[in-house]
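Consider the two complexes below, in which subunit A is the common component and subunit B and subunit C are the respective partners.
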Partner chain A sequence: MNITEKILARASGKSKVSPGDVVFVNVDKVMIHDVSGPGVIAVFEKLKKKGMKIEKLWNPDKVWVAEDHFVPAADKISAQNIVSLTNFTKQFGIKKHFKYGMGQYGICHTLSHEEAMVLPGEVYVGGDSHTNTTGALGAFAAGLGHTDVAYVLLNGKIWFKVPETLLFKLNGKLPDHIMAKDLILKIIGDIGNDGAAYKTMEFGGTGISEMSVEGRLTLTNMTTEAGAKSGIVEPDQKLRDYLAARGATKYDEVHGDADAQYEKIYEYEGSEIEPTVAKPFSPENISVARDLSSIELDKAYIGSCTGAKLEDLQAAAKILKGRTVKIRTEVLPAAISIFRKAMDEGLLKIFLDAGVVVGPPTCGACCGAHMGVLAKDEICISTTNRNFPGRMGHVESQTYLASPLVAAASAITGKITDPRDLK
Partner chain B sequence: MKPFQKIKSIATPLDKVNVDTDQIVPKQFLKLIQRTGFGQFLFYDWRFEREGTPIKNFILNDPKYANSKILLARDNFGCGSSREHAVWALDDYGFKVLVSTSFADIFYNNCFKNGILPIQVSVDVLQKLFSTKSEIEVDLEEQTIKADNISVSFHIEPHWKKILLEGLDDIALTLQHEAEIVKYERSHKI
Partner chain C sequence: MKGSVIKYERDNIDTDVILPGPYLKIHDYAELATHAMEGLDKDFHKRVKPGDFIVAGKNFGCGSSREHAPIALSYSGIKAVLALSFARIFYRNAVDGAFLLPIEIDESAYKDISDTDSLEVDVSKNEIKNLTKNKIYKMKPFPELIGKIIEAGGLFNYKP
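Showing the complex of A and B:
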């Protein structure tokens, strides 16, 4: 069995599972945020109206809550939703609620690794489609709808059909001007928006061993854009060190067997990956950055669970240091812990000196909800994960998805720019 | 949840690929916490001008499709955010059957929780459905789609069929039936 099959087998008390089997698995962790939380509350209300008594959750210690989509509160309704969410966590005794303005908080998928909320070998579900991100910690991580999350909150279990696994092997290290983002855009371009529908995307090979945990998180984050059920990377010493630095040392790792089966194996040579950009209006619509050098931009956005981890900010700072941006540029670290490290390392000064505005962690602009949305016909280069029509604002705005290196280089020139071409 | 009945209706042909859940229910409506009444926000940014005037050439605003219960769309319908509001809006608007060549996973699962039948068909079948002038009849019991120019069967996982036909979408009911679902699924392996 491969790692995904072994995790699902263990969580369902079976010695062996195969793709296509339906298994009821015990869930180790579940996450809700300020969109899915109120959605779950609505489902609970409907059940109560039908006469079901809901007095306690299956295990409040395994539930955690993020405030990320509409913080800082975008308007009166979102402010009220945060109050509802807070009442919910109090009512059911959920202790891990990362509150805006009270120390560590941030985007849910970033907290999952920054706070080691999920550990290798676990089954983790969340009320958000990018829950896949956390699979880079060697866990089975998948997003669910509100009704399913409500079910898990009450029962601690959920059924899954064991997915087929596609293995993506990266041979050799990525060059310095290339980031994990370029690789995953290339992969999505190759297999398409639904190329991994209901499948697991596993990443392995020497290039992945060489890659940082944060880079791996970029890969698994965007498996959602290929329709994947989950994304995963096998645990190794790099992951153990990463988790130990965040206080987590006790967990039960799972590794694939030597004869693990995959539906298909894709091979990529690290040295052949180019700075890659996804054009509007789909992540599969890729091009090499150099072919888009005539595209004039209005904005550069460096934020989100995909593109505002510490390494993403370091990469952007490397480009922005000593230069000045030509277009409106925003950097929003994905969590307060990352914000603090960026401050300690002097990155924030580099950003401010370059003319960039630095903002608080939020999903706001990435999903076009608030905190810097796009006007009609505006064009943005962004380190985020989606560029469907209107994703970052007006339905006739445009988003190009890119790595932090490409986004920062483009911020300097005002046009889509390969970082190697920056003078 | 009401048991799923045979549906006969004119189909609304939405000729778009990669319709993501943010098109189905734009983000500005996610803040609303009630579970009902989302139909008015369905495809909002495609359906209405800023002032709320209907955009004439958008298919849902064509009076011909006013009572349509079947929505046809191209590849990868329901991709993007996992927001269940998308399904709530389709259901509230009146769509009970969705037909596409592929659906995004979380969206697909959310459909069954809310009594909506998503049907995956081949490109050829979808094309025929797009070009039919007649009503389309969807029979879940028989797993068939019929129109004047086509009659085909479709695939659906046995447990999803059971849940829809018996109206078992409720969490409480699903709980009671957990053991049965597993048993049923095991005996109906495809």
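Showing the complex of A and C:
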């Protein structure tokens, strides 16, 4: 069995599972945020009206809560949702609630690794499609809707069809001007928006061994955009060191067997990856950045769980240092811990000196919710994950998805720019 | 189930157009319905009638995990979406929350069914009758567990 099959077998109490088997798995961790939390509360209310008694959760210590989509509270309704979420965590005795304005908080998928909320070998579900991100920690991580999360909160388990696995092997290191974002955009361009539908995307090979944990998190994050159920990377010493630095040393790693089966194996040469951009209106609609150098931009957005981790900010700062932006540019670190490190490393000064505005961690404009959404016909280059119509604002705005290096280089020129072409 | 067709001849109809991001803060199901399909078809909520079907291409409901998407369609009156394929979270939200039926159809049925056609869907026979064109198409049968959850009326009523 491969790593995903072994995790699902263990969690369902079976010695072996195969792709296509439907299993009820025991869940180790579950996450809700300020959109899926109130969604779950609405499901609970519906169940109570039908006569179900809901007095306690299956295990409040396995549940954690993030405030990310509409913080700072965008308006009265979102403020009320955050109050409802707070009341919910109090009522059910959930201790891990990362609150906006009270120390560490941030985007849920960023907290999952920054705070080591999920550990290797675990089954993790979250009320958000980008829950896949956390698979880079060697866990099975998948997104669910409100009804399913409500079911997990009460029963501690959920059904999954054991997915087929696609293995993506990266041979050799990515060059300095290339980031994991370029690779995953290239992969999505190759296999399409539903190229991994219902499947797992596993990443391996020498290039992945060389890649930082944060880079791997960018890969697994965007497996969602290829329709995948989950993305995963096998644990290694880099991951152990990363988790140890965050206080997590005890966990039960799972590794694939030597004869692990994959539906298909794809190979990529690190040296051949180009700075890649996804054009409107779909992540699969890719081009190399150099072919888009005539596209004039209104804005650059460096934020989200995909593109505002510490390394993403370091990459942007490398480009922005000593230069001035030509278009409106925003940097929103994905968590307070990252914000602090960016401050300590002097990155915030580089951003401010370049004319960039630095904002608080939030999903914000990535999902068109608030804080910097786009007007009709505005064109944005963004380190986020989706560019469907209306994703970041007006349905006739346009978003180009890119790496932090490309986004920062484009911010300097006002046009889509390969970082190598910056003077 | 009988109803008429609202057809969108396109693939990858994502949850950002089915229920746009700014409305994620809303959890009143009837209010969500007034914004259904707003990112793609501003007239949808005026046009849709109880019992209607949406017909669409592949990867329907891709993107975000928002259960708002099947909720908004369901509370607009949509009883089933007939598509070439579905994104996984939309599919399980539709079934586990008992909001609507995600029915997979083949390319020939997709091409043949027109906007405003009247259909009759019989899940027990895996059959779709086009009453306007007097034709019968096969739907892909639901996998065993999915069929049982649908029969139970959603995941919370299903006893494993």
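One rule holds in what follows: the second predicted complex is superposed on the first by the 423 of 423 C-alpha atoms of A that agree within 3 Å, B and C clash if a C-alpha of one lies under 4 Å from a C-alpha of the other, contacts with A are read in each partner's own complex, and residues count from 1 in each chain.
Going forward, a residue touches a chain if its C-beta (ideal position, glycine included) is under 8 Å from a C-beta of that chain, and two chains touch if they have at least 3 such contacts.
None of the values given here were measured: they were computed from a predicted structure.
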* Asked: Counting only touches as set out at the top, which of subunit B and subunit C does A:R386 meet: first, second, both, neither?
  -> both
* For A:A197, decide between first (touching subunit B), second (touching subunit C), both and neither. => both
* First (subunit B), second (subunit C), both or neither: which does A:I41 touch? -> both
* Do subunit B and subunit C land on any of the same subunit A residues, and which? -> 22, 24, 35-36, 38-39, 41-43, 47, 52, 69-70, 74-75, 77-78, 81, 127-129, 131, 143-148, 150-151, 159, 193-194, 197-198, 227, 229, 282, 367-369, 386, 388-391, 395
* What part of subunit B is in contact with subunit A in the complex they form? -> 18, 20, 22-23, 26-28, 30-35, 45-46, 75-76, 79-85, 87, 102-107, 109-110, 113-114, 159, 169-172, 174-175, 178, 181-182, 185-186, 189-190
* Structure fact -> Residue set of subunit C touching subunit A in the complex reads 11-12, 14, 16-17, 20-22, 24-27, 29, 39-40, 58-59, 62-68, 70, 85, 87-89, 92-93, 96-97, 143-145, 154-156, 160
* Structure fact -> Counting only contacts in the complex, subunit A reaches subunit B at residues 20, 22, 24, 35-36, 38-39, 41-43, 45-47, 50, 52, 69-70, 74-75, 77-78, 81, 84, 127-129, 131, 143-148, 150-151, 154-155, 159, 193-194, 197-198, 227, 229, 281-282, 367-369, 386, 388-391, 395
* Residues of subunit A touching subunit C in the complex -> 22, 24, 35-36, 38-39, 41-43, 47, 52, 69-70, 74-75, 77-78, 81, 127-129, 131, 143-148, 150-151, 159, 161, 193-194, 197-198, 227, 229, 282, 367-370, 386, 388-391, 395
